[in-house]
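What follows is chain A paired twice: with chain B in the first complex and chain C in the second.
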Partner chain A sequence: MSIFEDTLDHYTMHNELTENNIYSKLIFALLAILLNLITGSPIVPLIIFLICSFLILFVAKIPLRFYVTFMAIPIGFAVLSGIFLAFLGTGEQIWSLGFFGIGLTKGGINQALLVFARVLGGVAALGFLILTTPMNRIFAVFHDLHVPAIITDLAILMYRYIFLFLDVTATMYNSQRTRLGYHNYMSWMNCLASLAGMVFIRTWEQGEISYKALASRGYNGRLNMIREGDSISDMSIKDWLLIIIFVVVIAVAIYCLGTANLYPV
Partner chain B sequence: MAEKILEVKDLHYNYPDGTQAIKGIDFSVEEGQMISILGPNGAGKSTFFLHFNGIIEPTSGEIIIEGKKLEYDKKSLLEARAKVGVVFQNPDDQLFAPTVFEDVAFGPMNMGLPEEEVKQRVEEALEVVGMSEYSHKAPHHLSGGQKKRVAIAGILSMRPKVMVLDEPTSGLDPNGASAIMQLLYDLNAEGMTIIVSTHDVDLVPMYSDNINVLRKGKILKKGNCREVFSDKEVIDQADLRLPWVGQIFEHFDLKDGRTFDGEGYPLTVRDAYETLKNEL
Partner chain C sequence: MHIMEGYLPPFWCAVWFIISAVVVIYGLMQIKKATEDNDDALPLLALSGAFMFILSSLKMPSVSGSCSHPCGNGLGTVFFGPAVTAVLSVIVLLFQAILLAHGGLTTLGANIFSMGIVGPVCGYAVWKALRQMNISAPIAIFFTAFVADLLTYITTAVELALAFPGADMGATFATFFGIFAVTQIPLAIAEGLLTTVIYNYIESARPDILVRLGVISEQETGAN
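Now for the complex of A and B:
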């Protein structure tokens, strides 16, 4: 159990918003992403980022350390692409690399800031949904949206067995290291190869036996699951109001700020 | 005599490679019994159990459930699986759903029951195994003993007539193991027929008085605890041993020639206490 203490999966089930109606969270996140995309100024996505971060850290009470690690990878990518965009823009050059005429341009910097801000806003909005919502509720939404059963069934089984095989892999890895595996480059290659091979065989065996276990309970090719989902009609008036206020505030901000950026066009 | 609820007649099963796994077993269970199948690893216990609800089709022989011969078409299989529930040895093989509640609901949903009844059955089953407060947890966040309980609840919610458990105490700590056995004992007292496979010889005498010893695909001996454990030859052949309590009395007998009242050696702590109380 302990190796799962600090995973995303753990926090989805142990935060202050776990029990809230999934549709409130879903509608909020989707609207936030949509508004985030139609804005022309980097300030609006930053506002969305701040609102979502506030919700994640202070309302859902996800630990800051975990939130930072969660955001680190997308932000890393955003910084990289921002740098490239800043050099590839058009318009007046303000600093030249002195190499094929490449340099920082005003247009490029504007573009870079906008993209960077949009990534922040978008990831935070998506993060709000996936950090606060247990997977099974998301499967229930799949069902409500009439996603084909085969996809939902596969997703459910994959979700469960990912954790099982993580455990199997961890155990095998430790047992290899106990017997001095991975001590040099060649051994590292060999051990990793046999680990991967064994885990593959184990998945095969597990598939057979899991089928038997499911069949014992009447499995007939379809996972008849009881859905523990919420209904969109159960959303509280408070949730609706908060979403409407959020949309109005962001819409006003989009309207007022237009394409305001670091360098006025 | 109570009604025969499950009957196995001259069962043979060969693995696809031709190895004989089950070599002619006759076996019958009456309603309300609690039967133990004792046998070493590789005796064919798990294979034998998977015949009871038609997961494995025998090479020859027949399975009779409530007087009706088991056929292997979809409808009869579904019916058989609702009547005979099999709890797998490793709960990780059985639990698949994202939450405990959904997993326990899986069996009754497949039986085509209305959702209200399914929910009620799930709550009841979780209550019986003492896991109600975990109903919204994910299986991978549970301990081994808790997973076992959920696996049992997953079968209980189908309200089978016979519950078959493959090594229910394996991998559990001593308290967890006796708690599971106590749970099965209570279920049996309420009228459920239970078949348990195990090689925990110390636990068996406390909970079951109807033992079948299985070895290499054959039943070596049937009988109550006294009969089975006093047959030294069978115990040796099946790689079993006397329960520790019995061994003490065997030592008294063999080394000091001292025997106590009663037939055979006492096998549980309580029996031993009763026997010794009068002597000391």
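Now for the complex of A and C:
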């Protein structure tokens, strides 16, 4: 259960870009994700992937080891589904599987490469945002964007409770393990069910207690907090320039490469 | 298994966002109504969301040997109703994307539609229908969780087939669905069993919670 010990939260709080203006990071990441999506050629997402990985590893100084484990799961899924998509293409088959008329086609291979590259680029751009930005600053952005207060409040409370209950869950899980839980299928199901049931009851009791705690501090259905955070006008000219250069470079790349394929048709 | 960042073409990202937004706004209005009357509703909803998130981070063994995690949307829909589950799933999926890089921002709409809307709504219909027929709660909850989980994956298969139609849409859907059926039907059964055991556990320990949520009636707790 690696997520209990090794959450992203530690790294979002301790990297070289934590203190940077949230809007610089947010605008860059969202533009990268959008540009990544509108490309027709697998080369552009790969460029985005390289730029974002460079920023994550050498500017934000996230350890390589952590970045590799972070990327491993999405890439694993991307490879699997890429192989699968390669068999779905239309046109002349270059290698046939021998049943149901399924086979590799050039169109299929190119589509698989494009999707694989897009997933790489997209996850790296998303990774840049989530590895460098603490959650509380994202909530400040929610507020600036006039997301309904009820969603923001719900998200803030949920974020707090998730970490409370991850601790509780990890403790219970470890104590079940030390008492020989999870040793076969049936015991796994039983342990998991009692764990989940107990966590639900705990969350419920905690909810009653925390409502009383909030109410005793004047809670009336709204969380009123002092919001402090960066504003979009605080972004430095350097950040704007870097973002504009990035967009221009990618836009030129999209324009020049068109739908160029890695695998010749 | 959510659809990853960058997997869907822009057109389909937009389509699923628009469809999901309509339902989520309706759910938000429901939540607003619920929180206006009593102010302890919001912390409880937040806790339920946190519970759904933690549930989806637990590993669940599957008969086919692979490991997966429970969706939790079956339990959510029975406890809180489909509209609220849709809103909770938005935040859960957002947290999964920005805390675990599980799913993505552009594919959020599609994931909300499959996990937060179709699964819970169908599960809720099954739950209501079975309860109307006086079937006991544990059995009804097994089928609810089974249906909610399975339909989540069927919807995902439809979304993928629409985005990558290939030569023949029907054939593509059949392939996607064939793959999902092999891997997901055992998982859906496992999730159904798990949810039933969780439910029984809660029912024996704190039946008052279930009564307050309107899952079972007062008489039923007395009978047990």
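Simple rule for what comes next: the second predicted complex is superposed on the first by the 240 of 265 C-alpha atoms of A that agree within 3 Å, B and C clash if a C-alpha of one lies under 4 Å from a C-alpha of the other, contacts with A are read in each partner's own complex, and residues count from 1 in each chain.
Rule of thumb we're sticking to: contacts are C-beta pairs under 8 Å (C-beta built on N, C-alpha and C of every residue); 3 or more make two chains touch, one makes a residue touch a chain.
Everything numeric here is computed off the predicted structure, so don't read it as measured data.
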Ask   = Now for A:S210: first (chain B), second (chain C), both, or neither, which partner does it touch?
value = both
Message = Let me test your reading of the model: by the given contact rule, A:Y219 touches which partner, first (chain B), second (chain C), both or neither?
response = both
Ask   = What is the contact status of A:A78 with respect to chain B (first) and chain C (second): first, second, both, or neither?
value = second
Ask   = What's your read, chain B or chain C touching more residues of chain A?
value = C
Request  = Could you look at A:H10 and tell me whether it touches chain B, chain C, both or neither (first, second, both, neither)?
outcome  = first
Message = If we overlay the two complexes on their shared chain A, which of chain B and chain C does A:I43 touch? Say first, second, both or neither.
response = neither
Message = One more residue to check, A:Y159. First (chain B), second (chain C), both or neither?
response = both
Task = Determine, under the contact definition given at the top, whether A:F139 touches first (chain B), second (chain C), both, or neither.
result = first
Key: Common ground on chain A, meaning residues reached by chain C in one complex and by chain B in the other   = 1, 9, 135, 157, 159, 161, 164, 206, 210, 214-215, 219-220
Key: Residues of chain B that touch chain A when the two form their complex   = 50, 53, 55, 74, 78, 81-82, 85-86, 88, 92-99, 101-102, 105-107, 109-111, 115, 118-119, 122, 136-143, 154-155, 158
Request  = Would you pull the chain C residues touching chain A in the complex into a rising list?
outcome  = 1, 4-7, 9-10, 13, 28, 31-32, 35-36, 39-40, 42-51, 53-55, 57-61, 63, 70, 87, 90-91, 94-95, 97-102, 104-106, 164, 166-167, 172, 175, 179, 190, 193-194, 197-199, 201-202, 205-206, 209
Request  = Please name which positions on chain A make contact with chain B in the complex.
outcome  = 1, 4, 9-10, 13, 134-136, 139, 156-157, 159-161, 163-164, 167, 206, 209-210, 212-220, 223-226, 228
Inquiry  = Could you list, by residue number, the parts of chain A that touch chain C in their complex?
reply    = 1, 3, 7-9, 30, 33-34, 36-38, 45, 70, 73-74, 77-78, 81, 84-85, 88-90, 102, 108, 111, 115, 118-123, 125-127, 129-130, 135, 138, 148, 150-151, 153-155, 157-159, 161-162, 164-166, 169, 185, 188-190, 192-201, 203-204, 206-208, 210-211, 214-215, 219-221
